[in-house]
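The structure follows.
Per-chain numbering from 1; labels A, B, C and D assigned in written order.
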Amino acid sequence: MNGGSFVLNILILGVPFSVALLLAGLGETINQRAGVFNLGCEGIMAMGAFVAFLPPYFLAGTSLAGSANLIGLALAMVVGTVLGLLFALVVVTFRAPQGIAGIGLQMLGWGIAGTLFRHYVGGVTGVPGIAPMPIPVLSKIPVLGQVLFNHNPLVYIAFLLVPVFWYILFKTPWGLKVRAVGTYPRAADSLGIRVARVRYQALALGGAMAGLAGAYLSLAQAKMFADDLVAGRGFIAVALVYFGRWHPVGVMLGALLFSLAQALQLSIQVAGIDFPYEFAVMLPYVLVIVVLALVRKARMVGPTELGKPFDREQRV
Amino acid sequence: MGHEPIRSLELRGITKRFPGILACDHIDLSVGEYSVRALVGENGAGKTTLMNILMGLYQPDEGHILINGKEVRFRSPNDAFDHGIGMVHQHFMLVQNMTVVENVALGMKSAHLPFRLDLASVRKKIVEVSERHELPVNPDAMVWQLSVGEQQRVELVKTLCLGARFLILDEPTSALTPQETDELIALLSKMSGELSIVFISHKLHEVKALSDTVSILRRGRIVFEGRTENHSPSELAALMTGHEVELPRVDSTGLDRSGDRGLLSIRDLRVRGDRGNLALDGVTLEIAPGEIIGLAGVSGNGQRELAEALNGLRRPESGSINLDGVELAGSSASRIIAEGMGYIPEDRNTEGIVPSFSVRENLVLKDIGQRDWSRGGFLRLGAIAANAAGLRERFDIRCPSTDTAAGSLSGGNIQKVILARELARGPKALVAVYPTRGLDMGAEEFIHKQLLARRAEGVAILLISEELEEIMNLSDRVAVIYKGKILKVVPGRDATKRSLGLLMAGVSDE
Amino acid sequence: KSKVKIALIIESTVDDKGWGQAMHDAIVAVQKKYGESLVEYNYSEKMKPVDAGSAARQYASRGFDIIIAHGAQFKNLILELSEEFPKTTFAFGTNADVGPRNVFTYMPMSEETGYINGVIAGMVTKTGIIGVVGPVDAGDSARYNRGFWLGVKSVNPKADIKVAHTGSFADYVKAGELAQTQIKAGADVLTGAAQQATGALRAVAEYKDKPIWWLGQDTLQLSIPESFKVIAAASYDYAPVIEAMIDKRQVGTLGGENIPMTFKNGGFIFKYNDKVGTVLTAAIRKAADKARADITAQTLKIDWQPVKY
Amino acid sequence: MNKSFKFAYNAAIVVAAAAAAMGIGAIVLAAVGANIGKAYLVILTEPLKDMIGITEIVVRAIPLSLIALGIAIAFRSGILNIGAEGQMMMGILASSATAIALPDLPRPLLVPLAILAGAAGGALWGGIAGVLKARLGVNEILSTVMLNYIAAQFYTFLLRGPMMDPEELVMGSGTPQTVRIPRGAWLDRILPGTRLHTGAFIALGLALVVFFLLWRTSAGFRMRAAGAEAKAARYAGVSVERYLIIAMLLSGALAGIAGSVEILGVHRRAIEGVTGGYGFTGIVVALFGGLHPAGIIPASLFFGLLLLGADMTQRLADVPANMVLVLQGAIILAIVSARQFMNNPYAQDKAARLLSRLFGKPEPPAPPGSIEACPDPSDSVDPCLAGEPQEATR
């Protein structure tokens, strides 16, 4: 194998690997921009992965089999939304500390997915999943075509969502409200913005995205479901939001950096370079820290009230 | 907007409780068309709470609001906006990392198109309002880049852009320079011809200048209502605090310090600001023991950088800071503190105290490593408590107990905590930045007396303030800072409002 | 015969299509064979080391006769408990030691299954590149991988065997990513151990119409939809181990023996998948069968330890 | 508001929270056809039925409390440390390496040395996150999440490589684990027939130490100040960066000790899976315990009960193992929600007022314009009102 195809393979693999992190990260970006830090992302992803898997699994062979994936994706987003709203109830209405509540949600989501999976499915099982959809013409472009235009539809959707989320955050009234309630909720409140409502909406959207990210894992990437399929990717998605400094493009770069590093380390191992493989496995994690340590901190970005509950009347 | 303009607005029997506090106690208040109603009272009297109820931010426990004789219920500020009521809040309600347009757009529902934020229309509205009322603002500036005065203007423009015909202003001048204050007062009196205004302030001369009628609030009750023109400021002050208020004055007659060496001497200090600019460009000042130097200037001319450099929070580029013979330029904050520098910082809530710490902890915040408060690394809780009890007594700090979180105290009491800590340490020199900002007259009187007492004990004091009254009352000498340079130093007794005002604007009379 | 109560403690789950399920299925099979009236069975899954300690103690104090802690990480725990409960039979593996008098140990010699799969892989590959999706380079999967390596080399010395690890036993997604990486690098036959292998097999199954194949380390892989890619699979059969323990206990031997698992003593099963069609040629069958026969007859010794990949 | 009302209020909240948590659990239990009542009975009572159960609760509480103490230090200093898992692993490595390297050292030396080594290992790992944050501004959530994964790989690398039990190689079983820790380094078991070990005293002792450190020493005072309001602390001459690093070192050290104690007292060799979720549950315990040692100890026991009881349900009530997570998650969500109401005077006030409105009892008037505890003496007569002609403006 020559160097060119080595690099090309890393790019071809790394792009789809990044999608789950990207989808969840975009949702988490909205959450955090609105001032809520949702560590429960991991649990929502587990539930999303599980419910998305159900329609293809149970509808196989029926007349609905053709649209089973779509039903699965929709279901994952609905369940994600519901869990996002549950989280909102706990941290916005009940003002619970967000870190601990997030861990609770993570356990709850993982637990429910695992329990129901055991009872209703019973064992690790594959599904046909979402097929690749090369984009006509574009996929024929040398190199670029393979790297960018030869994937399953969710990959395109995820990357198209980056500008969409950028637009939502910075160009729409709702995005403005989201940013305001995450930075200075009291000011937003004084202008008649319903802080709690905006946070509920943000968490619902974030939940839907985390659900979709989980669905990507079970339907498009692994094409199967198993207990703990998510295996920590939700936590990484949350961490990448800090890496991306609460900007959709930054989060995309973070997800790509992580996933390309992942593809790189796997490729290094596969190339048979002789050193303990554990150090290869560490590579993406180390790289993310190093890159973040090297870039300079920008002033005044991000939600300064992140993690703090808001109540109009209560002080301190 | 859909509602007829407000001809009369009435609050009836408004009562609001917070845990353990009756903030508003059956308050009746009415405001007519095109009139200015001043609302004054001590810190914590309930002024802000009452206005928040009028804005629909708080729900009253009892009582109701009548507009043009009809009862209304405000569930959120939107309801108040719909009736044309707008408020400039006591603390800035501006999102720092957004632009001015975005801040205004947040409240302008007409710009909230289904899939797009119509910033162009907001910008147009801002330009229109700012031209009409002569309130220049740059719509595309980020809020954090603006000076305090500019931010105050943005607040006003924002409120007007939202269509306010009935304006509530909660201490709008407390952070403004004298010029800015005068301009604002002039502007408001012009505007009062077409709007109704409720004006809250601790500065009674402003109240006199602007308002038609005045209400005085004490402990949640209206204790006085009358026409402003019938009462002098000192009368009002007495009504407010329950006693005659007389702000003390420094007496530096007969003192000649030309031969004294400086206790705190600053030479040719150069310091960079947050944006890399040279915020202090060769400042030289000598402060003798027992001398108060007032540093007058429009905020943003290097005052913050000077205070921070003096206290080791900002590293000078060059120059020297000498305290009682010890060179301190570039030293750490802890070393400077140990050498006997005292500091009353600008932002009392996040720089002066740790809000969640108790009063007694805050009182030893700077000296916890000293033998008095810890031995062998272990705290001497008894001594710390006794210290707090003593200082509470001496400085009249009003708190349920010295174990109370300092952050829950009123602004005035927080300032007293800071003052008590800084003065009880027995500093050689003291840097006091805007020490009475936002405080009522009683508290102001107290703090001024304390500063003078320290002066008498030989402390060198640098008083940074925008209140010319305060500066002239307290300073032996007044230095004027402009664009990072000291323009002039004049003896306190020669300083006049006019001459200082000109200097602050950069007009040097030489 | 008197009634015997068996308890199983595993760190993964009983449906993991791998390590845990192999043991669970075996016990259930033995239970069926002996009758539920004779064999009572209870299991605890997802047992972290500390939980395993509580569960094992609980089982022991509730009168379970045979307590199997299925994993070498439970070694200390079992050694400790065996002293406290001298009348209870304990078992754990993989371990090649002979335990105390009431402890059985068992040791799957999984290089044997690896070798046979390797022979097949070495003959099937067209590209000459073979991928091994390892979990962690330790325990029985390390043995399997090395046996596989030797098997490939025995028939195809020039083959390029790409061994790589995910660093986790249960990260199915990452195993899939690794398999894809190997396929992109030219591998046309893959194998892998531990429960994560299902993730890799699922990735192989994506290449529906391409000649890319899988060799299974678990015969359960022959009965799932992805089986059309599985040429053959070997797996552990713990049933003889369980039966041996029950039988020995009935005659008063509570432990103190090591039970190796080999083709010879029926510890492994091996199955071809006839559904894969022509890729499984007669020549391949012949070579694999010969290897199996030699291993069973112990004329072929697999010296896996020096293998470096 | 009187005491009995406050009590009834708090009790009502606790009941509501418990009902909510159990309700969520019950839905899932019903969905998988399990016996709901039995499952709850097992969780709450089974572990308490015998000595083994009770001691097993403590066995879990030991590492949980140690980790939570560390997390409390970090939190109080303004850092959300979610890296306890990795710090614990590094503690295990350092501690077992030390014990194995010095088997002949006398017991009174070896035990403390091994534990100190564990502390050092954890401190190193925590310190990295501390330095990254203090010097380079790397968010600690990002760095600690990443460091957990790095530690996990390093852990297996050592256990299957340089630190592997040579016998595993000889025998060919190749399990990633060290040799047995020499006896001289073991923490004693306190009760025969149980696994309760002297690590319990270490945890209690360190709880005291942490309490003293945070609330009785000047270093702790500065750490708390830096955490509560970094700016004010900096203005008061506290070197915030330095204390941030110190806090992370200590936080990591405690997690390292948790790992060390778990190995020396329970497993007696470094094996895989020891940390298994303690790092995350430790965060929950720390916050449950109000970030205070006096709360952390009971909270760790409560979670010990919960973990053990929920775990028993799969054996005794035929509930899938994942149900443990469901119940834990539901309980955490319910209790953190409830806590906000319990300590909240605003909510209490509202409830009291609602009640009095419903039942028509007149509410006691609050003292006008002042804090209850701090009445102003000049309040009684209003000197300004005397003689002042009141004008009404209309």
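Everything below uses one rule, namely that contacts are C-beta pairs under 8 Å (C-beta built on N, C-alpha and C of every residue); 3 or more make two chains touch, one makes a residue touch a chain.
Since we're looking at a predicted model, the values are computed, not measured.
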Neighbouring chains common to chain A and chain D, by label: B, C
Which of A-B and B-D has more C-beta pairs touching across its chains: B-D
Most distant chain from chain B by Cα centroid: C
Whole-Å gap between the CA centroids of chain A and chain B: 45
Whole-Å separation of chain centres (CA-atom averages), chain B against chain C: 74
Chain C-chain D separation of Cα centroids, rounded to whole Å: 39
Touching two or more other chains - residues of chain B: 18, 355-356
Shared-contact residues (touching 2 or more other chains) in chain C: 13, 137, 167
Touching two or more other chains - residue numbers and ranges from chain A: 118, 227, 278, 281, 313
Listing of all chain pairs that touch each other, if any do: A-B, A-C, A-D, B-D, C-D
Touching residues (chain side chain D, partner chain C) in the complex: 50, 52, 56, 59-60, 152-153, 156, 159-160, 167-169, 171-177, 180, 193, 195, 262, 266-269, 271-274, 276-277, 307-308, 311-312, 314-315, 321-322, 324
Complex interface listing, chain A residues touching chain D: 39, 43, 86, 89-90, 94-97, 99-101, 103-116, 118-119, 227, 232, 235-236, 238-240, 242-243, 276, 278-279, 281-282, 285-286, 288-289, 292-293, 297, 309, 311, 313-314
Complex interface listing, chain D residues touching chain A: 24, 28, 31-33, 80, 82, 132, 136-139, 141-143, 145-147, 149-150, 153-154, 156-157, 161, 280, 283-284, 287-288, 320-333, 336-341, 344, 346
Chain B partner contacts - residues on chain A that touch it in the complex: 171-173, 175-177, 179-180, 183-184, 186-194, 300-302, 304, 312-313, 315-316
Interfacial residue positions of chain C with respect to chain A in the complex: 13, 15-17, 21, 131, 134, 137, 160, 162-168, 170-174, 176-178, 180-182, 184-187, 195, 198-199, 202-203, 205-206, 224-226, 309
